[in-house]
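Two complexes come next, and they have one chain in common, subunit A, joined by subunit B in the first and subunit C in the second.
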Partner chain A sequence: MRKILDKLGFTNTNTERKTVTFGDASVVSAPGGRGWTWLSVGFFIILWCLASIFEWINPIFWPPIGAVWEQFVFIFTEGYRNFTLLEHIGLSLYRVLMGFFIGCLVGIPLGFALALSRVMNRLFDPIVEFFRPMPPLALIPLVILWLGIGESAKIFLLFLAAVWIMALATRSGALATKISKIHAAYTLNANKKQILFRVILPNALPEIFTGMRVCMGVCWGTVVAAELVAAEAGVGMMIMVASKFLSTDIVVLGIILIGVVAYAIDVVMRYLEAKLIPWRGKS
Partner chain B sequence: MMKFFKYIAVPLGLMVSANAFALKELNVAYFLEWPSANQVAQVEKTYDERMGLKVNWKSFDNGNQMVQAIAAGDIDIAYSNGFVPQVLGYTKGVKIKVVGVAMTYAENDNCVVHKDAGITKKNAKKLEGKKVASPIGNVTHFKLLRTLKHLGVDAKKVKILPSSNADASSALARGDVAMACGFGGSLVRMKQYGKVLMTGAEQEAIGLKVFDVVTVGSKFLKKHRKVVTQFMQITEDANLAYNRYPARFYKTLSKASGMKMAGTIDTLNKFTFLTRAEQLTNDWMLGGIQKFAKEVADFYVEQGEIPKALSKAKYKKMVDASILGEVK
Partner chain C sequence: MSGLSVRDVSMIYNLPNGEDVEALKHLSFELEPGELLTVLGPSGCGKTTLLNILAGFLAPSSGKIDFDGKEVLSPDPQRGMVFQQGALFEWLSVEQNVGFGPKMMGRKPNEIKAIVDKWLSIVGLADFGKKAIYELSGGMQQRVALARCLANEPDLILMDEPLGALDALTREKMQGLILKLWKETGKTIALITHSVEEALILGNRVFIMAPRPGRLIKEYSLPFAEQGLEKNTREIKKQPDFIEVREEILTMIWDMEEEIMGRQEGNNA
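Then we have the complex of A and B:
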């Protein structure tokens, strides 16, 4: 029985035997157990197929799976509104990555500043706390008036979505460094620079990575909204324009594409996390 | 099997109004910055009093969402729903009917060229390769495409940026686009930064009809014919009162639409509120609208925006003139 379950991917006797039965989080993220993934994904796909075959739902509200597939093939080969599908995805991806990158570039140093300098903390804390709970979408009207409808406005919105998350993640990561480690480094005659880069940064990295992953999710949410405003191309624009023509199949296609791309990015980030910070959770 | 959808949708909060069974409240969609004569009756609660219902007026900024809200069951009547969203929704299978014409407004919906762009209808071809901000899938969009076609401009080469009515005017104000298209209050603002490409009169001369309709969900119409008839009667009375002496209502309508006095008067002067008798003619409810609906749908198919249009007979069924027939 155990072997069959192993083969189907519901259990993985090899990794499970090595540890306690409950409470060791590293087992949960270890390979194996993919059977459950297929079960949940498969359930929804089969439900959708059944709903399509038996026409349970009016296609205006949720399209049949075949229609979405047809739209995918059509848009992939013919494009949508003068842009190919890859251009739409590429442009959204570019906006997300640019906003994310600039957000990290500003947010991570800001986070360290907040954690490590009293003056900086007092200077920037009110600003960060004021902007942090503010949804970037609420700022769209202002951003259009200031920066117009071009790329810079969209990237600025994504930057706003990313920067505060990164600042806070970095700060909490830096604060989590055990003071005993810093004392130890000082006794070994480390200077300030070494303390920052050799002690605090490695300790903060796991939290920074978590922040980055949260950030990516928020950025994808924001890019769709940013593209609702006068975008020539992009997955968000695809969804918005299709909704005006009640083409729910294209709307759903756009949603699935965003989900797949965002998931792919998350997989890459998890891989990088495992490669770059193998010490996570083992301090 | 729609029940299946309902049972999922209710917990998800998609359906807010569960009052369709015993009608105590009426949900009506309308546009902001779109002063119509019946808004006098709206703010003075004439509808509520004469129908004995609580009327909830919900503002929208585009007709596509009105149609979607009717499809979802949250809106019973859309007063001044754009004709193009109506046709697009109907073509896609939303069960909605036209029971009347709200107003005609060729001059209140237009495209404005930025004063620095140096483009007029004579050299409109220069628009190719330039950016134009416009709402999509509505009357404004239809007018834009038809105007471009008339002026010999390839719409595929124009960079049309889909944006809301208000965002289009911001883009023009900043000079981000060569031309912006919009309606109502936004159009008033756009005109501060340039001139219209073609006047409404010129557009009407090439066969463009520009009007909003009163849209009702088919199910609601079947169930609550009397309510709809009453609604149209009160609207008719308000239109007649306004047509007799418009200036008396400017102040009320300025407040109701959320526009400044000058803009309200300017917009109102470009509206025509057709009386019941004018609507029940071959130009409008008795043939004109049905014909125009087919034209709009075919044009959108030709432009590659929608896959297919319905038959002539289907568009005939989209209009129900019998309600207006009962209005006195």
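Then we have the complex of A and C:
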């Protein structure tokens, strides 16, 4: 019995000699134990299958799993509202990446300015602090008034979602640079520019990366909401149009796609983080 | 003159609450080229302030410092510094850390490589060049810190409790390494520490400082650093003459601490 449970990943032999496990984070985060993950995912899929087979739920409230699959295959091959499924996802992703990219392009230098100059800090601090807690969705009406409902409006909205997060993450990372590192660089003949790019920037990178991960999440959430309001194509638009026709299967398909893409983005970001900043948390 | 000359240096910090703190009061001394000075004193005696002034990170409230005939006004590669643990660049490899200075001096890649190889083998890390900083033990990290500082061949080396965070055994070994580097390079070194033994074994001159105001109260010229070049440092620490000076200084610092505590209790009453 023990061996079977071990094989399926329900126990962990690495930590079994510890007598105190309650409250020990290393036991909770120890590798292995994936069996429980499959159990929870499997439970919901099986429940959904059973509900579909025995028609427990009205398809208007929750569609059968087969219908969602069929919609997926159909939209993947035939498209929805003049755009293929990949085009819908691709367009949403393009908007996110553009907003994120421009947000980084402005936010990271802004963050350094906030961290490195007292005057800049005092000048921009009220602006940053005002916009930081502002939900980007509250700005949609204004953005539509100014820029209409085209691509530029959506990218601008995503830029607004990204830029403050990036500025604050960069500022906090840059401010965390130990003064002894900066002093050391000065005694080694580095000038201000070299200290910025070779000491302060790498020192801030871990926090900048955390900011990027947060940003990606926020931007992905914002793009779907922006497309719900007005769009020709995109995953959010799919959901919005389908809901008007009571096509719950397409709505659910859209929700699943949003979740999967967001998860995939985070996996990529975590991979890049491990590759690009291996020193993270090890100073 | 060449060497280091500190003339009537005072440093007053203006605290936000309007109080003034005299971190250093009328400090004057000369350091000849090739001397190894250790500075000892309880916390708050201004020894870190002194080192920061010598490095050029702080400008004194009054007084003047010259090194090698030039006034000290800002940091300069001629005056290197070794910090307590945590001042290495953890995003760079061991080699890149040691090569940082030469690179900033505009040396060519092949020159940098030769310099890095030379200093890494001197500090005993010849095989560790490709390692990341966080893969090394504390003692090895401080060896890298010494090599990084020496790679630019500074004439004066300032050390801010370089061995402070190391365990006792590693610390003894590193004291031997510092003596070896001092002998082989003939550099002028100023090192601050709060370990009495370390100050005595490393310093051919030892300053004892007292707090509030930060000032120099006693100066020794000692033979132990020279002896340490020939003999095992552990043997020297057992010698009667070493023990005698150590006890004298310990008593002095003990009394200082008592006085500080007494003063604080007086303030609180």
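By definition in this document, the second predicted complex is superposed on the first by the 245 of 283 C-alpha atoms of A that agree within 3 Å, B and C clash if a C-alpha of one lies under 4 Å from a C-alpha of the other, contacts with A are read in each partner's own complex, and residues count from 1 in each chain.
The working rule: contacts are C-beta pairs under 8 Å (C-beta built on N, C-alpha and C of every residue); 3 or more make two chains touch, one makes a residue touch a chain.
This is a predicted model, so every value here is computed, not measured.
Colleague: Applying the document's definition of touch, where does A:77 land relative to subunit B and subunit C: first, second, both, or neither?
Modeller: In the superposition, A:77 touches no partner, neither subunit B nor subunit C.
Colleague: When the two structures are overlaid on chain A, which partner does A:40 contact: first (subunit B), second (subunit C), both, or neither?
Modeller: neither
Colleague: A:181 in the overlay: touching subunit B, subunit C, both, or neither? Say first, second, both or neither.
Modeller: It touches subunit C, and subunit B stays clear.
Colleague: Could you look at A:144 and tell me whether it touches subunit B, subunit C, both or neither (first, second, both, neither)?
Modeller: First partner only.
Colleague: Taking the superposition on A as described, I'd like to know which of subunit B and subunit C A:243 touches: first, second, both or neither.
Modeller: In the superposition, A:243 touches subunit B alone.
Colleague: Check the residue A:229 against both partner chains and state whether it touches subunit B (first), subunit C (second), both, or neither.
Modeller: Only subunit B is touched by A:229; subunit C is not.
Colleague: I'd like to know which partner A:55 touches here: subunit B for first, subunit C for second, both or neither.
Modeller: After superposition on chain A, A:55 lies in contact with subunit B alone.
Colleague: So which positions on subunit A get touched by both subunit B and subunit C?
Modeller: Correct list for subunit A: none, the interfaces share no residue.
Colleague: Along subunit C, where are the residues that touch subunit A in the complex?
Modeller: Residue positions touching the partner: 55, 57, 75-77, 79-81, 83-84, 86-91, 100-101, 104-105, 132-134, 148-149, 152, 154, 160.
Colleague: Along subunit A, where are the residues that touch subunit B in the complex?
Modeller: 54-61, 82, 141, 144-145, 148-150, 229-232, 237, 240-241, 243-247
Colleague: Residue numbers of subunit B touching subunit A in their complex, please.
Modeller: Residue positions touching the partner: 1-2, 4-5, 62, 64, 67-68, 71, 85, 88-89, 92-94, 131, 133, 136-138, 156, 159, 161-164, 167-168, 170-171, 174, 176-177, 305-306.
Colleague: Tell me, which parts of subunit A touch subunit C in their complex?
Modeller: 178, 180-181, 183-191, 194, 198-199, 202-203, 205, 277-279, 282-283
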